[in-house]
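Take this structure, written in structure tokens, and hold onto it; I'll ask about it next.
Letters A, B, C and D name the chains as they come in the text, with residue numbers starting at 1 for each one.
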Amino acid sequence: MEKIIDARKIREDFPILKVRPYGKSLIYFDNAATTQKPESVIKAIDDYYSGMNANVYRSAHYLSGVATNAYEEARNRVAKFINAGSENTIIFTRNATESINLVAYTWAMDNINEGDEIILTVAEHHSNILPWQMVADRKGAKLRYVYLNEDSRLDMASYKDMLNSRVKLVAVQHVSNVLGIINPVEEITEMAHKVGAKVLIDGAQSVPHMRVDVRKIGCDFFAFSGHKMMGPMGIGILYVKKELLNSVPPFLRGGEMIDEVYEDRATFAVPPLKFEAGTPNVEGAVGLSAAIEYIEGIGLDNIHSHEAELTQYALEKMREIDFVDIYGPRDMRDRGGVISFNVADIHPHDVSTILDQDGIAIRSGHHCALPLMRYLDVPATCRASFYIYNDMDEVDVFIDSLKNVRKWFKWS
Amino acid sequence: MELNQLYSEIILEHYQNSPNKKKMDDADIEEKGHNPLCGDTITIYLKMDGDIIKDASFTGQGCAISQASTSMLIDLVKGKKLDEAKKLIQEFTDMLYKRDVDLDDLGDAQALSGVADFPARVKCALLPWKTLEEVMEEKEEGK
Amino acid sequence: MEKIIDARKIREDFPILKVRPYGKSLIYFDNAATTQKPESVIKAIDDYYSGMNANVYRSAHYLSGVATNAYEEARNRVAKFINAGSENTIIFTRNATESINLVAYTWAMDNINEGDEIILTVAEHHSNILPWQMVADRKGAKLRYVYLNEDSRLDMASYKDMLNSRVKLVAVQHVSNVLGIINPVEEITEMAHKVGAKVLIDGAQSVPHMRVDVRKIGCDFFAFSGHKMMGPMGIGILYVKKELLNSVPPFLRGGEMIDEVYEDRATFAVPPLKFEAGTPNVEGAVGLSAAIEYIEGIGLDNIHSHEAELTQYALEKMREIDFVDIYGPRDMRDRGGVISFNVADIHPHDVSTILDQDGIAIRSGHHCALPLMRYLDVPATCRASFYIYNDMDEVDVFIDSLKNVRKWFKWS
Amino acid sequence: MELNQLYSEIILEHYQNSPNKKKMDDADIEEKGHNPLCGDTITIYLKMDGDIIKDASFTGQGCAISQASTSMLIDLVKGKKLDEAKKLIQEFTDMLYKRDVDLDDLGDAQALSGVADFPARVKCALLPWKTLEEVMEEKEEGK
């Protein structure tokens, strides 16, 4: 079979993959936590500070012009990447968490009131739970949760049951960082809109791995992080549907987001500047832009297929190990490259420490999804998550190491 | 692009001695424009006769580019129909973004074509044109 | 006279200073807006992504350990740099603006009530005005302003007049980004504490340029930005006095800042993690740490003297130009390296554009200080602000260019 | 440091077959410890006789390191005065941060010295010791 993506070649683009922990080849399977950066992104940051750095928008000098253009080009590229339509709908934040908090502190605090309902899912990341707990708490609204069906996918029937005119917001992740499920966000959005609810999609785990079209989804808010898509840390994105943009109040207040300021009051700039208080992270935007360029060079469909192949292969091999429990759907339909599992009698941390000695970086813990852990009735899990630089050979090493884990515990 | 083209005789003339720079007390339309990033402000006054801009003037505070641009715009739109003014706005905007456009209609405002080489200043030159555009949008929305 | 700092040599450390706008040598006098980055900071970012990048705290694998150490070392270095005592008092934010907003949205919304008063100064940056307008507006509190005396310094007598038991917060900048005045924050803090008010210092313009000891100042909150001290964009700092730390509620909510999460409620981690929701900007922290190392290598006292020398020289030369108006104090006492000025009959933007053609980057506009502009009765000003890589030769070029500005306008 | 030192016989024994791992219904003190970053939880039960820890046990869920460390701590502090326990906590902490310290008092817990080479796991080993420290702090604050 012809390889869609030649991971071995791609690895050449990533300087960090030459690191050898304890003398072993690094096998980086912690991509759902954060991704590694290709040379082109590292270089874009270097180039930015070596040739363009300035504060944006307000100075009339040469570098400020260059930096402003770079920043706006990045915004433009993000808008095109998720088919946002207007670049004004793209707000740069710090990370997906801040993007969601922005909506919670502004639109939600203004529009969600006593007796209103917010629908979440039990699989949400803390970053898409805690902001809504705050809103519910402060406004006397009610949180309701959608649970999973026997195939570890969202129980779509319960959306139907729960949606009514009291529901003001449906917040749901596009792809789960624990189960790998890809949720039918287009369908959920359509259902929610029918009862007049707004929809926020947490796309932290989708945008890096699959084609996303926010206007096709039709959602009102869409949040994601640069660092999970080979971009720098410290840059996140919030898309706000154009029709809503003007009615969302400002969040952080300060320089850059104003129109007029008097001692006792101020008026605000038009979006997106209205939402970007203080000196923006131009470096982050420029680095993110380079990451998108890199992703586009490979192609999101290729990335998705590559990950699907790896995931399928890994799942098959893991199922053969009888002391390994796997969480999540049994088939590959609508499934991303994330595998959560446990080794019988051994805590995930110990598993992770043992694999680490073989150079394999996986994540262990609750993955910022404690309600899901409780629902699955496990204190924690191990998680392997793939990206373009991973390949089947690495999966083989991982499987071998996994088979050996219990030996260290004199269990076999 | 050289500074002496940016600050050409004709631009300086409009900036320093514009006969259009005065308040109009009996204006039908008074529209404020503001560039929050640099602080330039202008007010455009229009006296209308149906769809025709019978008279126009402006007041304001700001850089040579924004103020000259406003004076030139006033020159151009006086006596024009709103539709015609709209076309001029489009042509002027195209000129500043270096799009292919016929400049003949733009009169003195052609002198601002060099601003296109000073990206940080494009917003200054556009301010009055955007402000007039808002008048039209408000008219269309029936406000 | 022996040079304290050899700016010519220092310039070698800054790749961007080799950029030649319109074929001219770049003279970067826009340091109050943002500073340029030395090679060592750019390299620290490169090294981070090439050898350490991972999500921090929660994974047990090799890279995560390395990244976590780097992040915590950065926090430690910041704590030492401003003599914070415990590193737990150092919260990483996005920029100074977010740092101030954090206090506004949390401590202030909880502790400032109807009828209470907040004292600001007319010279504050928008980032230290708008958050308090929001608090005042939402809580029915009152904003009061301290104005300037005839020497363009804070009128300390009016603090005395205004301070009473209704005052819950005094927010004041350490150094003005327009006038260059260094405010007596220690004295202000002492006075404020006497009536039981808390004190927030906006140190965006002080920390990069002079020795700052937050415990000597005694303030409750202290905010600043990495990008203004040769660090990367996208990283800011909030110091919160240890005694207050536990009582400040969390701000952004999500991953990393929790203790326990249930579907309907959550408990929070201890500070500083409680305030750092989502994946932190480890790159930013690491880059900032390298910037502090660079600053310490030069010495803050040397930096301060160098800037004082340049400022004094520039002020003398500028005073000789009769069509130049200078704002701010007349002498060098307690004065930073920021000079705001105007050229008669010419708008600051035009001045800036003309100087730019000679390679000189100054800032023109309202400098995010519209209340101060109104108080000074100017629509905008030009601003030259210095740093370690500037020198007298550059000031000479600047002065020559400035003398020529009016010629372009056929004014002479 | 090798894995077989991290997961040595003695640590595995404490992890897999600790006689100390049981609920104590008549405990005078019951203190929960939690490591939010990894999810380990323990509860330490103490039966006091004045200043002396007469009996101790624990329950919990977590990795081998945290659970073994708790079991070893229980072994050590049983029958000790709070002051003595405090000294042991300090010695154990010093050991994990590779500070120069005499390990003789630490009994089985010496086997955890290798954790110092696994920085990501130091917090696991420290969890019970920090938890016991909190008991003492609360006692001192008279809570």
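Rule of thumb we're sticking to: a contact is a pair of C-beta atoms (placed from the backbone, for glycine too) under 8 Å apart; a residue touches a chain by one contact, two chains touch by 3 or more.
Source: prediction; values computed, not measured.
Asks: Among all other chains, pick the one whose mean CA position is farthest from the mean CA position of chain A.
Replies: Relative to chain A, the chain with the farthest C-alpha centre is B.
Asks: Could you please state the distance in Å, as a whole number, between where the Cα atoms of chain A are centred and where those of chain D are centred?
Replies: Taking the mean C-alpha position of each chain, the two centres sit 37 Å apart.
Asks: Could you state the distance in Å from the CA-based centre of chain A to that of chain C?
Replies: Using C-alpha averages as centres, the distance is 31 Å.
Asks: Between chain A and chain B, what distance separates the C-alpha centroids? Give it in angstrom.
Replies: 45
Asks: If a residue has to touch 2 or more other chains to count, which residues of chain A qualify?
Replies: Only 58-61, 64, 258, 260, 349, 353, 364-365, 370 qualify.
Asks: Two or more other chains in contact with one residue: find those residues in chain D.
Replies: Residues 37-38, 118, 120-121 of chain D each touch two or more of the other chains.
Asks: If you go through all the chains, which pairs of them touch?
Replies: A-B, A-C, A-D, B-C, C-D
Asks: For a test of understanding, state which residues of chain C touch chain A in their complex under the given definition.
Replies: 15-16, 19, 21-22, 26, 28, 30, 33-34, 36-37, 41-42, 45-46, 49-55, 58-64, 94-98, 100-101, 104-105, 122, 125-131, 133-134, 137, 143, 145, 225, 227, 232-236, 252-258, 260-266, 277-284, 349, 352-353, 355-356, 359-365, 368, 370-371, 374
Asks: Where on chain B is chain A touching in the complex?
Replies: The touching residues are 34, 36-38, 118-121.
Asks: Would you tell me which residues of chain A are touching chain B in their complex?
Replies: Within the complex, chain A touches chain B at residues 57-61, 64-65, 68-69, 258-260, 269.
Asks: Quick check: in the complex, which residue numbers of chain D touch chain A?
Replies: By the definition above, chain D touches chain A via 3-4, 6-7, 12, 16, 37-41, 61-65, 118, 120-121, 124.
Asks: Enumerate the contact residues on chain A facing chain D in the complex.
Replies: Residues in contact with chain D: 346-350, 353-354, 357, 364-366, 370, 373, 379-380, 408-410.
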